[in-house]
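Going by the order they are written in, the chains are A, B, C and D; count residues from 1 in each one.
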Amino acid sequence: MMLKILYFASVREQLGQGSEELPLPAGVVDVAGLLGFLAQRGGAWEHLAEIRNLRQAVNQEMVGRDAPIGAGDEVAFFPPVTGG
Amino acid sequence: MMLKILYFASVREQLGQGSEELPLPAGVVDVAGLLGFLAQRGGAWEHLAEIRNLRQAVNQEMVGRDAPIGAGDEVAFFPPVTGG
Amino acid sequence: MMVRVQEADFDVGSELAALRRDRPQIGALVSFVGVVRAASDGAGVSEMTLEHYPGMTEKALAAMVGEAGRRWKLIDAIVIHRVGRLLPGDQIVLVAVAGAHRGEAFAACEFLIDYLKTRAPFWKREVTPQGARWVAARASDDQAAERWRD
Amino acid sequence: MMVRVQEADFDVGSELAALRRDRPQIGALVSFVGVVRAASDGAGVSEMTLEHYPGMTEKALAAMVGEAGRRWKLIDAIVIHRVGRLLPGDQIVLVAVAGAHRGEAFAACEFLIDYLKTRAPFWKREVTPQGARWVAARASDDQAAERWRD
């Protein structure tokens, strides 16, 4: 069971990546933990968690950073929405 | 210069008449006066002024019964509107 | 700003397209369509006749549209109201408002139909199994219009 | 209740006609159409690209429509939102609500577009003479959505 991560809009552009799949990193139990893990990659990844008004969804529901995540989940990071 | 009077909807049906033209009756200076003049005809005319929520317009503007009228004016009587 | 009173039906798609045409500043289009319901106040309605006051009706509608244009920043607005014989499912009225942003377009559209319902000289007569009757004015319509008092 | 996310344009007249078809209890139809403006925040806009989150977008829109159906007595509602490349004057979104009476249809339609603007995962990127830029979320949209909090 892999963890699927999606990046949209300006977040996708800043990271130069739209999605990835990886095994659930050891010790990661929530969105905040995943952001900490990604920051270790350095470069743009280090600043992901600091993006102003960064939004996140787990399994296609908007959540806070304390939302739990586990293997098989789909996590997404994106800026505030601007449709309509 | 004749006075033109129009009757609409249920008011028109009750009076059996849609419009008429007549010389400005002597002494009539406002809508209330005109209603008094028409009441003298008896029958349904007697009850015109008492129709619940009767509305009136002078020269195609909704007005109160104290609105002045003169020769050449167009006066209309009708129930509350129900379009839309 | 356009106001029409007519017996003929109208095509909402065409009217909205005409309203938008060559207006690159429009960002929001809000429209209301009123339709003859097959039931009214608990009785079935088989047909309806709409009477109006020719001349005053057009003036009253134009005055309302002008008032909406003073109250909100609108790009354009149209009101089309049918008269004559109508059947359940038939369109009665179209109110459409175009603006740069949606807030003012929503407010102006609702204002226009609320005002129309209480101030434009139209009268509905409907045919039910119990016979024909003039539709009574609704207190709820008066209350809706009252909200817009200055 | 129907929700669609598509690249293709939509025909407002046909969509409203489909919403009304065989629904004799409908008395009021309120619709909102969002259009690409030729200028945004003072800059000319030559084109726009709408990105979305496939799967979540549809779920979010369906959830909003369901919520509107719980809050108001609606007969039906549709939301159609386009994605991909759009030009000034192009239609972006249609929200249409059918009800027996106009008050609930107006409220539900405005609720849906307010919620869509703050909760449905779409992102606009516009091309201006100064280059391409992601459109910034508006505080006024957050305030509009906030009005509908229980």
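Everything that follows uses one rule, which is that contacts are C-beta pairs under 8 Å (C-beta built on N, C-alpha and C of every residue); 3 or more make two chains touch, one makes a residue touch a chain.
For clarity, every value in this text was computed on a predicted model and none was experimentally measured.
Fewest steps needed to get from subunit A to subunit D, stepping only to touching chains, is 1.
Counting steps between touching chains, the shortest path from subunit A to subunit C takes 2. Separating the centre of subunit C from that of subunit D, both taken as means of CA atoms, is a distance of 23 Å. Once the centre of each chain is set as its mean CA position, subunit B and subunit D turn out to be 49 Å apart.
Centre-to-centre separation between subunit A and subunit B, using Cα means, comes to 73 Å. Per-chain Cα centroids separate subunit B from subunit C by 26 Å. Residues of subunit D found to touch two or more other chains are 34, 113. Across the assembly, chains come into contact as A-D, B-C, C-D. Remark: subunit D residues 11-14, 16, 20, 24-39, 88-89, 100, 102-103, 105-106, 109-110, 113, 140, 144 touch subunit C in the complex. By the touch criterion stated above, subunit B contacts subunit C in their complex at residues 6, 8-10, 13, 53, 57, 60-62, 76, 78-84.
Looking at the complex, you find that subunit C touches subunit B at residues 34, 50-53, 55-56, 59-60, 81, 92-93, 113, 116-125, 134-138, 141.
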